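For reference, chains read A, B, C, D and E in written order, and residue numbers begin at 1 within each chain.
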Amino acid sequence: MSANKRYGMSIDIDKCNGCGACMMACAVENNIPPAPEAANDRRGVTWIRVYKVDNHLAYPERRTAFVPVLCQQCGHDTPCVHVCPQQAVDVDPETGIVGQMPERCLGCRYCMVACPYHARYFNWWDPKWPAGMEKTLNPDVAPRMRGVVEKCNFCHGRWHAAQQKAAAAGQREIDAADYVPACVEACPTGALRFGDLSDSSTEVAQDAQRPESFRLLEKIGTEPKIHYRSRRDWVREIASAPRPEGKDGLRG
Amino acid sequence: MLPWIYGFNWNAGHIIFLGAFYMVLAALVATVASAAIRSRRALRMDQAEAIRWHSDFESMPACDQVCRHVLTGEFQSRQCPHAFDCRECETHAKLIQCHPLPRVEEPEEDVFGMAFPLDRFYHRGHTWARLEKDGTVLVGLDELGARLLGRPDALVLPKPGDRVHANGAAFHARRRDAEVRVVSPVDGEVVETGSAERGWYLRVKPTSNDAKTFRHLLRGAEIKPWIQREMERLQLALTAEGAAPALADGGVPVSDIAAAYPAADWDAVCGEMFLEG
Amino acid sequence: MIGGKIAFASGMLLALAGGWLAFPRILYQTRQQPVNFSHKVHAEKAGAKCEDCHSFRDDGTYAGIPTLDKCSGCHTAAMGTTAEEKNFIDQYVTPNREPQWLSYAQQPENVYFSHIAHVKLGHVKCEQCHGNEGGTGALRPYQQDPISGYSRDIWGRPVAPVGLRNEGGMKMDDCVNCHRRQGLEYSCLGCHK
Amino acid sequence: MASVDKEFITRGLRRSSTGRFLLWILPWVALLVFGLYSAGLCLVKGLNQTNMDNRFAFGLWIFLDLTVIALGAGAFFTGFLLYILKIDELRSVINSAVVIGLVCYSGAVTVLAVDVGQPLRSWFTFWYPNVHSMLTEVTFCISCYLTVLLIEYLPIVLRNRKLHDVPSFLVFEHELHKLIYVLAGVGTFLSFFHQGSLGGLYGVLRGRPFAFREGLAVWPSTFFLFILSAAAVGPSFILLTTWLVEKLSRKRLVRPTVFRRLARISGLLLAVYVLAKAVDTLVWINRTSPGTGFQAWQYYSWKPFGTWILFAEIVVFGLLPALVMLTPRLRAHTGWLVTAAAMACCGVALNRFVMTVQTLALPTLSFDPYLSYYPSWQEVGTFLAVVAYGVLVYSFSFRYFNLFPEERELRLEAAAQEEEELALAGRY
Amino acid sequence: MTTTRRNLLKFVGGGAAGALLTPAPWRLITDTALWSENWPGIPRPARGEIRARFTHCTLCPAGCAVRARCVNGQPVSLAGVKPHPISHGALCPWGIAGHHLPYHPARVRQGPVKEALAAVSRAITQRGAGERVAVLDLRPGRTVSWTYRRAMAAIDDGLYLAPRQPAYAIDLTAAKTVVSFGAPLFDGWGTPGNVFAARANFRLVQIEPVETRTAALADVWLPIRPGTETAMAAALAGEITIAEAARETGVEEQAISAVKEAIGNSPAVVLAADPGSPLMSLNAKLRALGRTVVARRESPVPDAWKKAAPSTEMAAVPDKAIRVLLIDESLPGGYVPWQDIQPKLAPNAVVVVFSSSSEGYARHAQYVLPAPVYPEMAEDIGPAIDTVAAVFRIAAPLIAPVVPVVNPGELVARIAGLPQTDPLRDRADAIHKAGRGSLLSYADGKSTSMKEVTADDFWKTLNQGGCWMDDTGKKAAPAGLGKFGRSGTCPTAHDLPLAVVVAEARRGGLESPLMSKLERESNLRMTANRVALSPADARSNGIENGGRCVLETACGRLSVVAMIDAGVPAGVVEVAGGPRMADLCGANQRARVVRA
């Protein structure tokens, strides 16, 4: 068996134009239903969510950046894993992916409270697709039921498919090109990159080493595996704790 | 949860946590089970009546649990530790040896106009027991008890052959809203039932006939202070149950007290006087 | 007193009988397969191996129960004389109607089961999970738990679901047993989707 | 006094007429029905009926569960004091304490069952427990302790006048009561852990620096603070409820010495708690919080959660009632006592509010907005159902069981006093 | 034994105790937990063979190449095609979820086809002198556009109406500096893959009043006062001084001169939000014509199609002249505001719209006929603004139409009595005959010269995933830049305090229901019913964040939700695009926002 992987992502904020292709691709890939009438940005399900972030200044000094936030796949002391009362969340030692088992979940939402990145989503409603649209569901991902928590798992269905493809070729090791999460594949600007962080030859591992690279809330010690980078100072500052005076992020 | 269930890990956390859980469960199950087993045994051993008496006794206010030797003035204050069952009381045994009761010459004690013949033993629950010549014991209500119940509206007497227990229920009577359990002064088997008119209610063949049989019952010189005290309690109970003006003449109670205080919660008054919890 | 004991005992006996004898029978809905297919006949007479009909596609995905095309390959006209075959041809082959086979071994939606990984990498024999299905002369009735909606083969061969018993079945416990023995148990999402 | 249910009422206790009682429970039953409807909506239609959301994943219910369980701590703590430390004075409130505990815990568990998204799977926590989760500890301990409370409640029920007539009940009650100290011990053990792990629930949240605390071994400091605060406020709540029942029923139920004893215990523990809380807060401000990259003053710059809330929690609703309850002069006045007890209860509620609601309202990411949340009527309704349920269970228990063993004695004493006064007035 | 109450209780108790010793209750507990995995309402994705199929996205003129992952032929997800030389494997969010459109709950599912046909033919025969029959084609440049033009040529007084197509294409790869006057370069302008591929090589100067997605990623964003673009252009052209421009536009002098310097020194291109804007003429001054702004080239058409009606702009039509108007809104495109169309209609005009959405012209037409949506219909896609060489690609249908639809091209051809052939095939043959260019096949990524391909293979590859690309010939300067502004019949009212700025271009038409992820579920994009205001304007009008209010222009009113955003300059209201907003605001409108 091969050495354990540590899948991670690097995100170039300076390249993200906030188009939302990643969010759409994610929802399509992972069978996330469209929002019911009453949903809003606090009750939606977006495994990856692009936040519109600004420098807290008013026009014309205002500058905007787009920050895609998905499950940060914390590598140390993963907050959601040890709070789950019934082992519905685990970290795969083979891939480093934090997995959420909706069928084991009882919907207590403690993990959502524990997650500092708000990357976990609760199914407030029954999943519902417009009539006929359920034909467009991805067979590699099981739709979730109402009342459970879900989150990004780096398109685990694609990992399964890649495993299956490798098995068909008689191999245990998957081809890196076969396993790319939907958001990374969909990003038109190439802002997202995906790969094995433990392999220093990958683009992601090198991105993580760049001086302008940072991770969200690094100081709380969760060792996230999503590495952001930006050459803009104020953008790098978003990695730290919120500044209280900037309360006017009214547009989310 | 269990070692063969998916998700169980043999690590310290699991073992400590689940170990504690199973210990708690075991403690709870053991507690309930042992209570059940013990109560089954108690029922088998016919201890229900004794337990009821103990339970009733414990629910009495401390001031009502006074030792009979306080009544006679031998003690300043003493709370009875044996639920008025002096047969088990070593203190009583000693005292009764050291200070035999003074003999009373009168054939009967007259307290507040009520007759308490001295040929019998009195239970604190207002019944008396009289040893008959044939070795049976007659059980009846004393004068105060009789006046409290007056003419009972209903009477449930045991059948001949039934067992009665000292401090256990002898028979049940109802007067107005009062359901009264009248205690038996002695252990034994019911031989014959009487009635209010006959002056006694049960003829009992006592289980044993030794000196201990009547040791827990009041007699002779104890009766007067006891009844005086009982009258105070009655007074208090009547006041508490809203029967003012209580014993207006300050002396002799009427022959049917229940009828005299229609406003009183008679059930509570009888409960108080017949020592029922 | 005695009466009470009898009442208690009879209630208990009734419940025991109901729970152990009647309950497993009423729990499962039994449905018949559309065609009385004999694996044995096909294996012996046609010399078919499992993978001849239950094949893999080029990309390694498992095709499952063969479609009518596969059957029509041989059965355009009756090959034998059995009434079953005639019925099959009349009912399905001629009108080109897919028989609605009931899959005993269909895993729940949340399971990602890769046949090829087990067969090619794990060298698992079909019989190890499916038993001697390939040698049976007739299809057994399909039993389904109407509450959970799962086939009895994958959920509930033992009615009392206590622990990892029942080797060689297709419950999660069976999967886990085998995976644990081989040291191939990592995480939920290793098998679930 | 004409009551059709008189034969069920303990002999010698005065209870209102059946009609009046029905009149009293009627609004509560109505409230219960409304609340059950709300809860039913949440169960059938799902939690979209609430106003909780992905950020406010815990709402009114968790806050109230935490509060209610803290207030219900009186049951275990009184049991502990009475049966283990043998403070016999508390016998007169133990039954009431058990009923309050039972109401609080069963109510909390019921609300939790509505609060989870998949109640049908709630047993998974027992079957596949993750022993590292504080919530597992809470679930196990609360359900075990609820069992303990039910067993402790059993003797109270079996002492009902009618049930007591049945010999097997009588004997079982008697035998069970003999073993009550075992239950008290187990209850104390369980309560210690679940009160603590309720605190741990938030203290372990590394991702919420506002709640995160360091501590001993696997337990953050909130674990111990919650135990302490619950033990402190439990007696206060018993005091408060007893006083309330006395006022509502217009009866004397316990001796004033019991009130004072409860207040002294409560005050003492509260003082210790306030001290510990103050030390913990200082450590948190100067060490824990900066260690995670958050300066503590930042938390309090989000209005309306200014530092006033910290002050209110520690000083106004902590230190102040503790001082009142520890001052013999003030303790002598029931008014002071009750006010202080009520303030102590509010203080613990405020603490639970801060731990749950404020924690979730504060942003963690710099581009997070500060959020507010208002419960929906379904959430409020479900909570009101629990309140109504509690009042009903207590009312029935008070009516049919002997919750205050000294009640009759006190009435006789009062009668004696009345007589004495009459005598003094020269009536005779 | 008698059935006393006590015995009954004991019986029940025994039953309960016995039941606990059987599997029944425990099994029911586990079964109900499993039931929660399968309870009603949770759909089961179909299982089956998974294959990739190729097509092209028709949702905008970019026509990005699409690889569809299909289960039993049904597309379940869409992705770009990496080797495609123009779209570079990129798709926009609309394109990624395009396969949902056939199932959109708001889709037009039926229409009065017979009645519409009867009314049209009646009107054609009964129309008076000078009354015209017109087709409005929102996406000119397609093969079906040729069908319309041929059809209108075949009918007396037939009129082919289309938004004016620029005669030029922009070659971004040749530019070192791009000066964009509000062109949404990174958000819907041209072909996303092409723009992002070229991005690394040019500096972008974005000149617009608000910070759009494009401005956020621009190298320089010049926040300009709304409506003063001309002054800025004039300054860049050297027609007015920089100081004057700075005064008028509110941009610092230094910034303007830096831009002026940059465009003077490098191959530059100026882009405008409206491709027909006079601002485009600035390119002539930059010597960009023939270098970065080149003449558009069209792929060959059959000779027989040369008899076609010319493209006319709506503004050029006399008032009340149109008796029959057929609008092809099957593909969202350049929406012409209704207030521009309405005056041109005869009083008894028959208006038929082919559409899948009830949001656009369906609100105004007498007859709404259900049109096919992507990916239901075979269609080619008109040229994108950033495609220099001619291309021909077909959006091969991935699924059969899920509702009974009317093919607009076929219907118009039938009305005009054109011969019933497959125009796409005809055109493919014409391209093949021309013999130029090469054919790229997506399945293997191979490019083959057209000389080596048979006509049938060409047609097959086009349908199974392929695209024809013309040879990159010599770049030519385009004829005619700018000078053609949009006409607006909606009066401009200067007493309205706020300038309307369309912050987010929206095409109209159906969108995947999953777009809720970007709109309601994340606020990443503005929904059509939202406007954004500066805190100052909101305060002065007493408007709260998220409050209901009314957007008023000279053309009408619309109920909207106001968002307060400190990033919006005072005096500006940001709106999202779309047909409703276009009808309300037209071009360069002013508005007022009042509390509802």
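Here, a contact is a pair of C-beta atoms (placed from the backbone, for glycine too) under 8 Å apart; a residue touches a chain by one contact, two chains touch by 3 or more.
Since this is a predicted model, take the numbers as computed values, not measurements.
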item: Touching both subunit B and subunit D (chains); value: none
item: Both-way neighbours, i.e. chains that touch subunit D and touch subunit A; value: E
item: Innermost chain by mean C-alpha position; value: A
item: Higher-contact pair (C-beta pairs counted), A-C versus D-E; value: A-C
item: Chain at maximum distance from subunit B, centres defined as averaged CA atoms; value: E
item: Relative to subunit D, chain with the most remote C-alpha centre; value: E
item: Whole-Å separation of chain centres (CA-atom averages), subunit B against subunit E; value: 96
item: Centroid distance [mean C-alpha coordinates] between subunit B and subunit A, Å; value: 76
item: Between subunit A and subunit E, centroid-to-centroid distance (C-alpha), Å; value: 29
item: Intercentroid distance (Cα basis), subunit C paired with subunit B, Å; value: 72
item: Junction residues of subunit D, two or more chains touched; value: 118, 121, 124, 127-129, 132, 136
item: Residues of subunit B touching at least two other chains; value: 5-7
item: Shared-contact residues (touching 2 or more other chains) in subunit E; value: 32, 35-37, 44-45, 47, 50
item: Chain pairs that touch, as defined at the top of this document; value: A-C, A-D, A-E, B-C, B-D, C-E, D-E
item: Footprint of subunit D on subunit E - complex, ascending; value: 29, 32-33, 35-36
item: Subunit C-touching residues of subunit E, taken from the complex the two chains share; value: 1-2, 4, 6-8, 10-19, 21-28, 30-32, 34-35, 37-38, 44-45, 47, 49-50
item: Interfacial residue positions of subunit A with respect to subunit E in the complex; value: 14-21, 23-25, 27-29, 31-32, 34-35, 39-41, 43-46, 49-52, 54, 57-60, 62-66, 103, 126-139, 141-147, 182, 185-186, 188-190, 248, 250-252
item: Residues on subunit D engaged by subunit B in the complex (per definition of touch); value: 1, 6-7, 11-12, 14, 126-129, 131-132, 136-137, 140, 144, 147-148, 151, 164, 167-168, 170-172, 174-176, 178-179, 182-183, 186, 189-190, 402, 405, 408-409, 411-412, 414-416, 418-419, 428
item: Touch list for subunit C against partner subunit B, complex; value: 163-164, 172-173, 176
